[in-house]
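Should a chain be cited, it is by its letter among A, B, C and D, assigned in written order, with residues numbered from 1 in that chain.
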Amino acid sequence: MGIATTARVYKDLEPDSAYAFKPEDLEDDEMILNMGPQHPSTHGVLRIELKTDGEIVKDARPHIGYLHRNFEKHAENIDYQGVIPFTDRMDYVASMANSLTYALTVEKLMAIEVGERVKSIRVLVSELQRIASHLLAIGTYGMDIGAFTPFLHCFREREKILDLFEWLCGARLLYNFNWVGGVSHDLPEGWTDKVLQFLSEFEPVIDELDDLLSLNKIFTDRTATVGIIPPDLAVAYALSGPNLRGSGIKWDVRREDPYCGYEKYDFEIPVGQGRYGPIGSCWDRYYVRVEEMRQSVRILHQALDKLPAEGDVHEKVPKRVKPNPGEAYARTETPRGELAYFIVSDGGLIPYRVKGRSPCFVSMSIFHEIARGEMIADIIAIIGSLDIVLGEIDR
Amino acid sequence: MKRPDLEAKISNFLSPLVIAGAGGFLVVIALLPKIAEMIRTQLQSALSPTWASVVNIALGVGATVFLLAQLPIFLIWFERKVAAHVQDRLGPMRVGWHGVLQSFADGIKLLFKEDIIPEGADRPLFRIAPVLVIMGAFAAFAVVPWGHGLIISDLNIGLLYIVAITSLGAIGILMAGWASNNKYSLYGGMRSAAQLVAYEIPTALVILVVVIQVGSLSLQDVIASQSDGLWGENRWLLTRMYGLNLIAFVIFFICGLAETNRNPFDIPEAESELVAGFHTEYSGMRFAFFFLAEYGAMWLVAGVAAILFLGGWVGPYFSGPLVFFLKTLFLVFVQMWLRWTLPRLRVDQLLALCWKYLIPITLAVLVAVAGLSVQAS
Amino acid sequence: MKEYLEGIWVSMTTIAIGMGVTLRHLFMPSVTQQYLADENPEARWKSQIVPEGLLNERSRMRLHVKIEDCIGCKQCEKVCPVDCIYITTEKREKDEAPIFASDGTAIKQRVVQFDIDMSLCCYCQLCVYPCPTVCILMTPEFEFAETSKENFLYRFAKEKPLQPGEKKPHEPVVAGA
Amino acid sequence: MSLKAGEIQARLEAKFPGTIVLAQLEAIDPFLVVDQGALLEMGLSLRDDPELAFDTLHCLSAVDYLKEDRIEIVYHLSSLKHRHWIVLKVHLPRVDPKIPTVEKIWPTANWHEREAYDLFGVVFSGHSDPRRIFLPDDWAGHPMRKDWVWPEEWHGIAVKPGKQFAERASEGETLGVGPFD
């Protein structure tokens, strides 16, 4: 067949072993389909090699690294505070959560306990960020499945959150807001009222989203029977966040290993119920996100109630971030799962080693297991349901 | 002069023209029977009968082609506006009043774009494919009646002709998919073939439902049998046969969506899976051809549905091309509305829908309608 | 058979509900804010939720340096995580007229190079905090596209390095005066 | 029920005597340094012992200690069942570091180990897919090593950052705009 032979014109540029599948290994009727790095729904520059037989995908190999910039090497060359803008750029649609994790790790290393107001502010921004990030995940997932309208409805709401963040710290996407020992800005006057206003506007939107997309028969048919991750596989691959909970495992770091005073908040942990098919399907993962937004709204209401009126957000910010030699590992529940940083300090002004354990990297490593035997259209559904951000996978 | 000022000047000058043109267009459509009658009498008095009919048909073809070339321009703008407002956006606003010139601007851009044929493509097929696709969509309009006597050719097998000629488009798509030398295009072509083969059957069966009741394949006869409007003995087919025709109408509409590759059946181009499906590698005018064909086919499907079930150009209060135009426009709007509401089906679900749901139900409706018709006669 | 009919029913109803939602939105006012629809620059900072005039309160856009106030301490250069600030200073001669920043700090260094490469800047605002004279700051100006990347190098320094044998005038200069 | 690091250490010590080289229980995150020969059995027992049940390898990182002349592989293990934690460390030589893969015990290690190989050059023997994960296959060296040097180019593409505009400007080139008022 003409197509198989002309596929590799640029042979001298790409070393052989980069190809997991070789054309000469293919059986009859099989074809290698290169999905990405430029593809509308690989959520960035992910490249997936698919061994297809007609519409059926026999095997899949993700190739990552197109966005690799070695954030960890950067981090070894700048001071602790300077790393935060780089952590923002890992998961660029949930920057607040990333920098929060980094700040918490350094605080753990330096044994800093921040004030109550800072804790409340951090809960506020990270839950708002969770809503924003889930809105993006849900919206783009709808678009992957072919429904365009929910995407823009989600973005309309997300825009409000970004506006609130811009009012709070001057940036819309990459905030540099969570500092070691505090946050960069105190809440502006009237901000909390506007968050309340947003929440009251936002709650009906989730129900509308259910009507428009989540419970639509076409949508459930497309997603509820594909990409099944059984609970034991999810644990073996150390999945976390909505991907783990979609498989029916009730595990949330906010509950199990609380930080920022999350133990004081009353919220439920939504898990995949298998309403339209087996537990652990794409739909379950998707719907866990929808439910999590509802829970985030609950947490936000409580956080606004509990917010201490007074408190200096810069009180505990050290003049010079210079931890004692040692190492610390801290994890938080970001919108995409458990993000953790492993920081080794040699007592100097710059970190000796920073390792980011990114949830998307781990989620993506399970991809080849669940993609096998599905159809090409389902591959898109699976990638979307894992909710990956390539900035975090490739770091 | 600064460029923005120049642009503003051009668009301020052109948009009233376009809006006036659209208004004039509607007036012309409303007065079409009179105009046609006038031309016909003039021709008959000036020329021999043979030449008169030849010139008459040529004028009809010219008018239809002109209409079909203009309609997509309006429909694309209309769809973008519908999509935008469904999504709480504004849509095109820059080029002219509320973006009415947007489609013209896009058309000009497409005209000037480089025409790329990928290396290793099957060049002849690559060139023929868009032509075939647009031909399949536009040739069917030869038998679509716009009013009493306003039809290019009142074939006695008009419905059969439509079913046959629209299949040409699928061949074009398959050809485009194969010739592009692109795997995504190939998938798009293959999916399109599977989809067409499947959905031809319920379409034909649903048309049979109508044909049984009307007793003719000619579209003018179909309309003639619905000449009473909303009420009466010969009312629109939609409300007859105890709701069976309603089911038939819904099925025809679904099949129409599938045949025009519109969401939720747009799997041949499925932009999130196959990049752009069969027209991934097309650019410039060839791409525009696919675009025109899509909107032409939308209009055709809506028009045929209006003729079969909603009485075509027969209206409740007045009849004529304008009634047909408005009915069709409404059905086109429903197509757009569906597109911006629903997710896409998967290819196996698409086929399952056809073979497991549409065909059995259509067959049941067909049998029931046949039985009731026999009983009535 | 029950499942079959149920499937049809569920699809029809959910599709109808979805179409209801979209139809409702068709007649809802849109939220688009057109870029530069209003020539008034303040109108660019409209938001669906943030009260008017507050959105750009803390905006971190283009960097600006009030070079008259710079004392050449190089703290911003040190803290910049992407190294986009380049400062060169030289010691002012003892016999030169004393100059002061607008907050009264004596300027002991002559800033002969203060370059900010905005094409490298990551808008983290970390340079703003350590500045003792508040002379480097981020402005809400966001329209600074350039046709050439080189034009993103903003050269703020006004003074030239002292040439051998050159003497600076003895007039006292107060910045901002 | 969750166990303290000391209890975990005692259990392992009883099962694999002499394999725990060093135990730091007072550190921020208590860790055990284990002998790499016992890693596989210890991992299996950590996972399968119902009292321990470390079902999740949370993170696998490598740290290059240039002065101490060693590379550390750090395993952050956690248990969803008992909600406890332990950190295992294995010391490797900087030259030609080799360690058995734990991919068979925790499949998630697959990509983490590929990353450690890619950035640190640690070879995981028995790994099912021993390729680089981020960098091109023919990339020179392992960049997270402390003594790594920038290559000049890769396939004709300059790798080292060139001179920045500001550096060029300070060398006398006419570049940039300003001064501003």
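The rule is short, and it goes like this: a contact is a pair of C-beta atoms (placed from the backbone, for glycine too) under 8 Å apart; a residue touches a chain by one contact, two chains touch by 3 or more.
Values in this document were obtained by computation on a predicted structure and should not be read as measured data.
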Touching subunit A and also subunit D, the following chains: C
When A-B is set beside B-C, which has more C-beta pairs in contact? A-B
Let me check something: if the centre of a chain is the mean of its CA atoms, which chain is farthest from subunit A? B
Using mean CA coordinates as chain centres, what's the subunit A-subunit B distance in Å? 43
Let me have the rounded angstrom distance from the C-alpha centre of subunit B over to the C-alpha centre of subunit D, please. 61
Cα centroid separation between subunit B and subunit C, in whole Å? 52
Once you find the CA centre of subunit C and the CA centre of subunit D, what distance in Å lies between them? 38
Subunit B residues counted as touching two or more neighbouring chains: 86-89, 340-342
If you look at subunit A, which of its residues touch at least two other chains? 149, 153, 156, 212-213, 216, 218
Numbers and ranges of subunit C residues touching at least 2 other chains: 15, 18, 21-22, 25, 31
Line, ring, star, complete or other: which one describes how these chains touch? other
Going by the touch definition at the top, which pairs of chains touch each other? A-B, A-C, A-D, B-C, C-D
Could you please specify the touching residues of subunit D with respect to subunit C in the complex? 164-167, 169-170, 175-180
Over in the complex, which subunit B residues touch subunit A? Could you list them? 83, 86-89, 120, 181, 183-184, 186-187, 190-191, 263-264, 266-267, 270-275, 340-349
The subunit C residues in contact with subunit B across the complex are 8, 15, 18-19, 21-23, 25-32, 34
Tell me, which parts of subunit A touch subunit B in their complex? 2-3, 6, 31, 33-34, 39-41, 54-55, 142-149, 151-153, 156, 212-213, 216, 218-219, 221-222, 375-380
Residues of subunit B that touch subunit C when the two form their complex: 82, 84-90, 93, 337-338, 340-342, 357
